[in-house]
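Next up: the structures, one after another.
Shared chain: chain A. Partners: chain B in the first complex, chain C in the second.
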Partner chain A sequence: MTELNIGERRKRQLEESVDVHFKNIRKSFGDVEVLKGIDLSIRRGEFFSLLGPSGCGKTTLLRILAGFEFQDSGEVLLRGAEVSKLPPNQRSVNTVFQNYALFPHMTVYDNVAFGLRMRKVASSELKTRVMQALETVEIGQFAARKPAQLSGGQRQRVALARAIVNEPQVLLLDEPLSALDRKLRVNLQVELMRLQARLGLTFIFVTHDQEEALTMSDRMAVMNKGVIEQLGGVQDMYERPSNAYVAQFLGSSNLLEGTVSAAGQVKTQLGELEVRDPLPAIGQEVMLSIRPEKIQLMREACASNCVSVSVTDDIYQGATGAYRARTSTGIELEINTMNTGVTHTDYNIGDTLHAHLPSELIVVLGSGSRLQEVVALEGLA
Partner chain B sequence: MSAPVRKVADKQKVEAVGGEVLTVPQLLSRAASTAGPGVLWIFLFLVLPMMILLVYSFLTRDELGNASLPLTFDNYVRFAGWDVLGYDAAYLVIVGRTIIVSLVTTFFCVLIAYPLAFFIAGHEPRTRDRLMVFVIVPSWVNLVIRTYAFMIVFNPSSPVTQLAAALGFVKPGDGLYPSDFAVYVGMVNIFLPFIVLPLYSAVERIDWSLLEAAQDLYATKTQAFFQVLIPQTLPGLVAGIILTAIPALGMFVVPDLLGGAKTSLIGNAIAQQFGQSRDYPFGAAISFLVMGLTLLVLYLYSRRVGEQGMRDLL
Partner chain C sequence: MTPLELLEAWSGVLIVLIGLFAIWYFALRRFQVRKASKRLSLTAFLAFGFLYLPIIVVAIFSFNNSRFRLDWVGFTWKWYAKIFGDESVEGGLEGAQLLLATQNTLVLAVISTIIATLLGALLGYGLHRYRFPGSKLTAWLMYIPVVTPDIVMAISLLLLYQVLRVVSPIFEPGLPAMVIAHVTFQIAFVAIVVRSRLATLDPALEEAARDLYAGPLDTMRFVVLPLMLPGVMAGALLAFTLSIDDFVISFFTSGPTSQTLPILIYASVKRGITPDINALSTIIVAITIIGVFISQILQRNQKA
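Right, the complex of A and B next:
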């Protein structure tokens, strides 16, 4: 046995655990460049989400992996093998389509059996596998029905069974829940997560719903205009967004522009704020972000990072409450509270309060953050 | 399905759809004023003539060529081949030939219509409409005029015939008509729009995303086309076949003019009985048998596909 040095071994391990590798993928439709050099590795067995607004290129990336589109340049590796030139029927990935794309003239059973039949799986094995897949998604009793006789949620399950029965290396899900009503969507989210854990398959999930992506994924990539804005674990991405775009797209954030005034101090329109995050040199401009739920509202003044505000809006949301509060300098802050008491709070519009921005919860955003982008994003929403 | 009217406590009244309670005379007068004209029309111009025809088919032709008593089954027996002169299956042969001509016509229509429907549906909506005009407008020209046009196109001196002669398809000096070939060209020309229209509307509604779904499930493009796309067009295809094959059974102008006397079909036989032979009873019997055959085929089809399958055709 040849000894490998540690670096080499580590590299091997990484490569073995990578299921999908996009290398510098570029794609244009006409004059519009929808993917501007995407580099992305997706690990074996992880639940990975591609999140972004419509038109960001996430679906195109998925379609390139499935083989429905071909990239203009770059490579797609599936378990280390280049698949860029292969047609869809020769790639061991399966897709759950947004509109389900069930075959209307076939029964549920035949829909699920389609892939196995195309691969000439022996009929005895085929029957077991189809029934097993139908049981996995709990629609065994509908095997003889046509898709038109099923509800939206049931069709979704058929689409899922039709994909997983083939035991693909990677399962692609293109906004599969977006057509369902909220309650059903939440239930299916949980089921999808359990299924993924049980099957140990790599799931690549495309969505524009940040809540869905946060709920379900191990890791995700936030995409915008054909580039990946940030890639990482969901908790990391939410707690430590790398730029203003991600901070705004994943949940909402209060963004503050400022200048570094001293070590650990930023001068903003709210006044001098203490910041724990590493800062650039004194005199440099930075952008800060703090989540609405991290700000504490109180009647009494607090020691540091305390801003005097007056409440402009009091929004009751059931489990949570939201306030809009304005500082004397005209900056509006968004503040969320949990509805833990009998009524969600005792603050009223017009009250003058103190907002505490804990220094350890303020995130310093990357240099790529500009306010225009944020404005553009708000325009989208 | 619930009944359109429901009995209510008051025996003199019934509840109509929508919960309105009416007396029986009110209900009848309303039925007469709404469905009445249509029912009357169908009765006068469809049911009544058919009943007269049915009665005729059991009558006997007298020496003067008029239909008269007694009522017999002789016409039907004669159709089956038994005559005063002995057994001759001539009419059954004609029926067989008619079915073949109808099926062959339909087959060629389908063969042409499928690519055409896909070709038209593949264009932008505005171009599609224009292309459909080229399919539909020719059918506005009178059938006899179109048939005579083919006689001119296929006569020995036309460039088409001369080209065919040069290629060795016909002997120099002969025309392309009268011939079976001319009959089929004429028939396909007439029936093509009837199969293109329903087929096109089916192709237009195809869910193309299913092609990707099939390829995703390891089907080649060809497999995906035949196993996923074509089945979606089947209702349109069946509608087209019904619209073509059934009228083709009764076609007599085209075989008469383009086939010469050689190709006698059931339509010609019927026309002959009502015309030259003045044998209305026998003509009526043939008509009824052809109609019965058609209805039987449709019935068997509907049994096979069920209620939903028949509704899909519309």
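Right, the complex of A and C next:
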């Protein structure tokens, strides 16, 4: 009896820490099924990213949460309460739109005050809260301007202020930085993270930019063709992708097909490789992944997991450099190096070198790896 | 013919040509046209001149101090004075007739414009906002009144009214029937202008309003209406000028006491053109041009 009570309480605590819960969400537009049964919980106060290529369904999922689209089946819970049937104006979430969607006929002040006015907030409180929100995003001096008189970055701040002034339970951000140039985007990324930490709001951030997602989020979900490929903390997902799609979408990866030949040994096109990751039974086919920056190039031979290669391409990228190197069996490896010396060019095209693939850095991908999709992804790049 | 007589006979033509070249000359100076494009600009100017010449001639002769002659006698405001009620000026239209026709024209234009603007704005918004079975067909049908020749529209309405007369006396020839007739062709113009205005707006604006706790009515009131208002006003002005201008459809649906200005002018022209008709036409053209001009400005401002 007591045990049951403890179990109940624990379950309740878990539920309370969940802000948004998608239960088996399905959605089709005409014949195209854009969401194929999404199950996802987003924790209170976390910075969560939905990452995926365009058309993967991430924006649709966000729009279902905001109330702009209705799912064909499944439930959306906001702090435990079913909101599926509610129109957008009755949901305690606010959206920062991709192209800001500021009201062009209103001043910055009136834009930000809009939500509070609709909720009939008393005028004295309204003024304080609007000014506070404008100060938070550092655009207090533009209160009297129209959106057309602002730069892209300033409009982005207005859009942000207009959403956070309402103190929503969840803030939805639909690729809010994609229209800005790179420098500004990086600055705003940092500001968004600080803002989120200060306000303690749950942020759900939709993006197709893996770097942006990795930089900003606590956790993220990589989506592809209406399903979630992997869900987890950002470091986990980068270091331990569960399948080839995620490995390729989050940065680049060297993928190797092989067969388990002995305990901790995989026979690949590169030859026998030692692997620390748990492996399936001997004789099974597996796919291995190793990040380009984890491979070490060297002139002298190494002890284990060493492959002899010749350099085919030398790509200078400023802070980093990339080499393409080919093995005698014709397999091409991508290897990244940091430009820490006087110049990055340690090796020349045609050099015969040794590539060391540390056994502890090789990831065994799950059975869910689909080669076809990897090929498709490479076709896009 | 003595040279003096010849000059007198050609004086009207000369005045028109001098006027045209004066405008061209000042336009060239104002816009600092390069030498090479001067000849081109002259061609363009002559083409436009050809289009507007009839109107310019009417405007010039409305200031001619002569009852019958088509040559220049002297400048006068008296035909305008007559239109605005100066009984002492001899010749031309009867004052009472003119007053009634003006009144009819304005009543018809104002009422039909109000109705057409309301309905046309709703139609434009509906077609923009919703996809329903037949919405494409409706959008396409909207252009039919725009391209149908006035005379076909007029005869169709005349026939329809004869049929509907049994139902209500509203369809007897007269002002109410004319209002309905005008509304039928005005709606399309209003809807087209409103729709093109809405097409320039970000569809996310309505979503943003809903997201910020506005219900459907508040979204309409605080976001959609203010943003489509320039389009609605432009459409209304266009509808108003179309109604003021219209002769054919009014002619076929009017009754004995519902003569409008265009009908009155047509009727009196048969007895010879009098200078006060020139003055009246000039005023109508001026009102139309101002209306179209404001309509254009409203449509241009919406982009900012």
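To be clear about the criterion, the second predicted complex is superposed on the first by the 374 of 381 C-alpha atoms of A that agree within 3 Å, B and C clash if a C-alpha of one lies under 4 Å from a C-alpha of the other, contacts with A are read in each partner's own complex, and residues count from 1 in each chain.
Here is the rule we use: a residue touches a chain if its C-beta (ideal position, glycine included) is under 8 Å from a C-beta of that chain, and two chains touch if they have at least 3 such contacts.
Bear in mind that the values here come from a model prediction, so they are computed numbers and not experimental data.
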### Task
Record, for the superposition on chain A, whether partners chain B and chain C clash or fit.
clash
### Task
Give one of first, second, both or neither to describe whether A:Ala303 is in contact with chain B, with chain C, with both, or with none.
neither
### Message
Output check: A:Ala281 vs chain B and chain C. Expected answer is one of first, second, both, neither. What do you get?
### Response
neither
### Query
Can A:His105 be said to touch chain B (first), chain C (second), both, or neither?
both
### Which of chain B and chain C A:Pro88 touches, first, second, both or neither
both
### Message
For A:Ala263, using the defined touch cut-off, is the partner it touches chain B, chain C, both, or neither? Pick first, second, both or neither.
### Response
neither
### Task
Considering only touches as defined above, state whether A:Arg119 meets chain B (first), chain C (second), both or neither.
both
### Query
Does chain B (first) or chain C (second) touch A:Ala319, or do both, or does neither?
neither
### Task
Please indicate which partner A:Phe97 is in contact with in the superposed arrangement: first for chain B, second for chain C, both, or neither.
both
### Query
Among 3-11, 39-47 or 183-191, which stretch of chain C shows C-alpha clashes with chain B in the combined arrangement?
183-191
### Query
Considering each complex separately, which residues of chain A are in contact with chain B in the first and with chain C in the second?
66-68, 87-90, 93-95, 97, 99, 101-105, 114-115, 118-119, 162, 166
### Parts of chain A lying in touch with chain C, wherever the complex brings them together
66-68, 87-90, 93-95, 97-99, 101-105, 114-115, 118-119, 148, 162, 166
### Summary
chain A partner, complex, touching residues on chain C are 202, 204-205, 207-215, 218, 222-223, 226-227, 304
### Query
Which positions of chain B touch chain A when the two form their complex?
207, 209-210, 212-221, 223, 228, 231-232, 234
### Of chain A, residues touching chain B in the complex
66-68, 87-90, 93-95, 97, 99, 101-105, 114-115, 118-119, 162, 166
